[in-house]
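Across the two complexes that follow, chain A remains constant while its partner is chain B and subsequently chain C.
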Partner chain A sequence: MKKSFLSGNEAIAEAVLLSGVKSIAAYPITPQTGIVNRLATLIMTRDLNTSMIHAESEFSALSIVLGSTLGGVRSFTATSSQGLLMMSEASYYASGMRIPLVMAVVNRGLSAPVTIFSDHQDSMSMRDNGWLQFYCKDGQEALDTIITAYKIAEHRKVLLPIKVCIDGFFLSHLSEPVEIPSQTAINYFLPEFTANFPHMDIDDPKFLGTAAWPDYYEEFVFLRNKALTNAIAVIEEVSTEYSEKVSQVTSLISTYRASDAEVVIVGLGAMMSTLEVAVDKMRGKGLLVGLLRIKCFRPFPNEQILNEIKGAKKLVILDRSLSPSQAGPVFLEISSLLHTSGLDIDCYGFILGLGGRDITKKTGEFILKKVNEMSPNTFESRQFWLDVNHQTIKRWTSNE
Partner chain B sequence: MNKFKNEKEVFKQFPEEWVAPGNAGCPGCGEVLAVRLAMKVLGGNTWAVMTTGCMAVNYTAPGTGTARSPWIHPLFGNAPAIASGLAIALKQRKLEDKINLLVVGGDGATADIGFQVLSSAIQRQHRFIYICLDNQGYMNTGGQSSGTTELHSVTKTTPAGSVTIPKRLPEIFLKHSVHYLATANIGYPTDYMEKVERAKQTNGPSYIHISTPCIPSHGIESAQMMNIARKAVTTGYEILYEMDGGRIALSKPSKLYIDPKIRDPLNDYLSSQKRYKKLMSDPKALYELNQHVTKQWEWIREEVSG
Partner chain C sequence: MNKVSYDHQNENPLSPWLPSNHSLKNETGKWAIHQPSVDNAKCIKCLRCWIACPESAINFVDDKIKVDRFFCKGCGICEVECPTEAITMESVL
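Showing the complex of A and B:
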């Protein structure tokens, strides 16, 4: 397979074209711009028949690709941060209308204060909009996930839009060797787009976007939720097929040295590959530590996660976002899962890496040290702010 | 030249209905008729997008599915962007010349919440027809003021009369590289249908602004809708014109009224509607609206002579 030196953004652009996308619309926002710039260049240099619209806002960018999908064409958009918030209204419409679409979200913190750097608050703020959400660990996974996402989204049992998230700068701007599959292999895996859902069709006219009063609304929500839940099996099936026909890809979760681990660190995205180095180091000191990376956050793979953590003594959950006053969203999912499954494992929630604050291999050791000092089931053990600078906080609040 | 005979003949001439009976509009609603007539011209080979508003409710209230061709109701503000996406799909599927693309929006969707979106969709030069159904307010939510609400007009949010000058949408979109633009009035159905026909023949973005009285919010009787709509033209308050290939021309219903002497008094139009009741006892306000009419005619006179 061809290997190229690509940034996460460039890897995504390659994946979009390999997937046979014919309609792209986007609005520029850092750090997503690399995807769109690359696509524009590739469409020109390869002389491709792919339509590209530089929309006047993210609200329109998402609306345009919803329109082109309903018109029967495979479509793509990408955004970050404020742009994702601006898409919010159209994003609920997308899942409600069961429109299969793939969007790349290059994670970035939210204003105010303004930041261009990475955390997961943007995509987490869209946690409940009915889309599937994947968090990638590197550029290779981003490429493979975009391609598999089209097959998952377009599956008859799913028919829902998908966000493929990569950490801003850490993945979007970091270049790594990435294997680009051949177009032949992808064509063998991903068939041409056919609208197998209600769409604009002269021969079978429908009024799309109906109202539903109290006697029907809830049934729509029920079926959408069922489709999202069904997607677990579809993701596994499609990922297996991709692994057989193209190359190995993670489906829902991945683990690292977790099988005999007493302490399992749980989290999303690029920080989990950094922590692999930390785990090796800690293992060298005889600590039984492992990692569980959740790639698919929506639908939440409850059973698959339970299966991996049931032997652990302690769970350390890392969140690059926050549900204010409570804890991080991943922590809340895991504690709810433990409660309903009757497993009694101590859980420690860490808030870290907000607004691009770096997570290094040292972070891993620091986490374990803190966990040993803390008691479980306290406010502190739900949301310990690992890397906040208390000297700064003290200085800023000294007059209060 | 005139494909459409008089308004009595036109229903015989085009018997096929693309908007089936049974929608939830008020009796005598100007908008319902405007959409029905537009679809008679465009026919079933049309993809249509409808913004949120009365028409969307008329069409989608459960049990009243009245469209016989593909329609989509997206959000309040994104219909032109959805249409952009549909235009891309038509182009990619090589259906551009076979299927018409129509967007129908109220004045709120056009002047306010979807203004930026329409502006950019026109800039992108897709082949699509945008019809703005203007009744000068948010009638679906009970009659609040919008960007096109006339000065001194009473709405639910301007109980003492509107204090702002409305956005003149056709003039705004004239400066938007539209290939075809027309103003129309539901009181002149065949003139309107001819304009829809011309937009259909246009290979680029077209904008048609049609004034459609609202029964409850303008405070008029259902049976009077057409007559009151016509009064807007015979008093010179509304000027019907079209721009085709860069040239602006007065339309037939308005041609006569370039001469102010033969226009009906503006009061005839205003006093027929409850929303202007307060205005009728305010000489200063009446003067302001009369001034507006004079200025509009000065502008069009310059445009058609130039």
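Showing the complex of A and C:
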């Protein structure tokens, strides 16, 4: 175990090479470029036998790694924002053909208006394409998650592709100390890649990714959905194994001072580590507040979340993305979970931090203040725009 | 529409795949509205039609062009490519 000062992008590049990836294809896009840049440098300086293809588009980049995984080698790609949207067609082939590959998504808002800064709208727009989705809270978790993701994706009961998401700039470009496990420890944890699924085999040729008419199509979708659901247990199993053999890693969810909390703040990604500081401060004032961070958004860990929130009086759900006219995607998941489980907890959905708007420790206190003023079960409590500038909105709409 | 069977699928996970040579059974000739008819007197055996056919439905047998009507979808590329107008598309309906 050696400690280095790495950005999130650099930590992911280290993890990719530790995982013994032999095929990488990518197209540069801010803020993901640092991953590919670092990988190219490391492959050259360490003289590694890893294929690195600079594709002509993201559609090609994903298609190339689909092909190389089907050809029998562990593969990796990374993208952001518009690049992820361009991959969307090929992404359904990846899950439909049950291809176990890992992709890093450095979250960035979508155009227009053009932005390079972070929110979760890009990966949320790919929510239903059958991939697993992990949201990391820091560079260390990004590194550990990439390595565990290969083992989860390649598990016989799963065999699905995985997106590992980190917040653009907040994680991708800020450096912090990251412990890099030894290659020996990783080799002990992650075996060599074997194609244990229908793949390209010269001795047993087949057509892959073929058509299925109405008499078969639904069965394929059913089994894919079952595999995604089964992945919950596999993620727990693999994360435990990683924690024993390499270092501690969060599996599905993590909590912070939530066991006795009356108000639990729920959210994804890097903003949750910022809010830990806010929670400490509020606890100092005697407020019973805690955090629940969802690391694994697909499959959605319903039971694990229920276990943590059942004692809470109020839930505040933070979304850095939006399902227009309704609410944030995390809010929609949690409120449907509460409804089906019969739990009666007041739920508040906050939209914040879009297009890279900063979430600071002050945001935490502002959240609590607002929650105390609001009444539950109203439209406003489903999507309260926490940090929108109402003066700007008023100025822009003054002529209407 | 030909039935596609997935009865060979006994592997878990079920990725949609078919055994090799599946296309040999798929009678794409049924899709055709027109199929080529060859005038051997005009044919100079340049084999441009054989090269251009996207379905490999043109064979060269006994020194003559022969259209495989089981596979020919009737796209008409051979008619356009033929330099001597030896190929004309005719209705097969």
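What we mean here is this: the second predicted complex is superposed on the first by the 400 of 400 C-alpha atoms of A that agree within 3 Å, B and C clash if a C-alpha of one lies under 4 Å from a C-alpha of the other, contacts with A are read in each partner's own complex, and residues count from 1 in each chain.
Keep this in mind: contacts are C-beta pairs under 8 Å (C-beta built on N, C-alpha and C of every residue); 3 or more make two chains touch, one makes a residue touch a chain.
What you see is a predicted model, and the numbers here were worked out from it, not measured in a lab.
Visitor: Specify the outcome, clash or fit, for chain B and chain C once both structures are aligned onto chain A.
Guide: Overlaying the two complexes on chain A (C-alpha atoms) leaves chain C and chain B clashing.
Visitor: After superposition on the shared chain, which partner residues are touched by A:Ala227: those of chain B (first), chain C (second), both, or neither?
Guide: Touch partner of A:Ala227: chain C, not chain B.
Visitor: Where does A:Gly96 make contact in the superposed view: on chain B (first), on chain C (second), on both, or on neither?
Guide: A:Gly96 sits against chain C, while chain B stays out of touch.
Visitor: Should A:Ser23 be classified as contacting the first partner (chain B), the second (chain C), both, or neither?
Guide: first
Visitor: As a test of reading the superposition: which chain, chain B or chain C, is in touch with more residues of chain A?
Guide: If we count touched residues of chain A for both partners, the winner is B.
Visitor: Considering only the touch criterion stated at the top, classify A:Val65 as touching first (chain B), second (chain C), both, or neither.
Guide: Only chain B; A:Val65 stays clear of chain C.
Visitor: A:Ser57 in the overlay: touching chain B, chain C, both, or neither? Say first, second, both or neither.
Guide: first
Visitor: Looking at the overlay, does A:Ala112 come into contact with chain B only (first), chain C only (second), both, or neither?
Guide: Once the two structures are laid over each other on A, A:Ala112 reaches no partner at all.
Visitor: Answer with first, second, both or neither: which of chain B and chain C does A:Phe207 touch in the superposed model?
Guide: both
Visitor: Which holds for A:Tyr216: it touches chain B only (first), chain C only (second), both, or neither?
Guide: Touch partners of A:Tyr216: chain B and chain C.
Visitor: After fitting the two complexes on their shared chain A, where does chain B collide with chain C, if the options are 114-122, 186-194 or 294-302?
Guide: The answer is stretch 186-194.
Visitor: Between chain B and chain C, which residues of chain A are contacted by each of them?
Guide: Residues common to the chain A contacts of chain C and of chain B are 205-213, 215-216, listed in rising order.
Visitor: Which residues of chain B touch chain A in the complex?
Guide: Against chain A, chain B makes touches at 44-45, 47, 49, 56-57, 59-62, 65-75, 77-78, 81-93, 99, 116-117, 119-120, 124.
Visitor: Considering the complex alone, what residue numbers of chain C touch chain A?
Guide: Interface residues on the chain C side: 1, 3-4, 6, 11-20, 22.
Visitor: Give every residue of chain A touching chain C within the complex, in rising order.
Guide: Of all residues in chain A, those touching chain C are 96-98, 156, 159, 197-198, 205-213, 215-216, 219-220, 223, 227.
Visitor: Enumerate the contact residues on chain A facing chain B in the complex.
Guide: 22-23, 25, 49, 51, 53, 55-57, 59-61, 63-73, 75, 89-90, 93, 200-202, 205-213, 215-216
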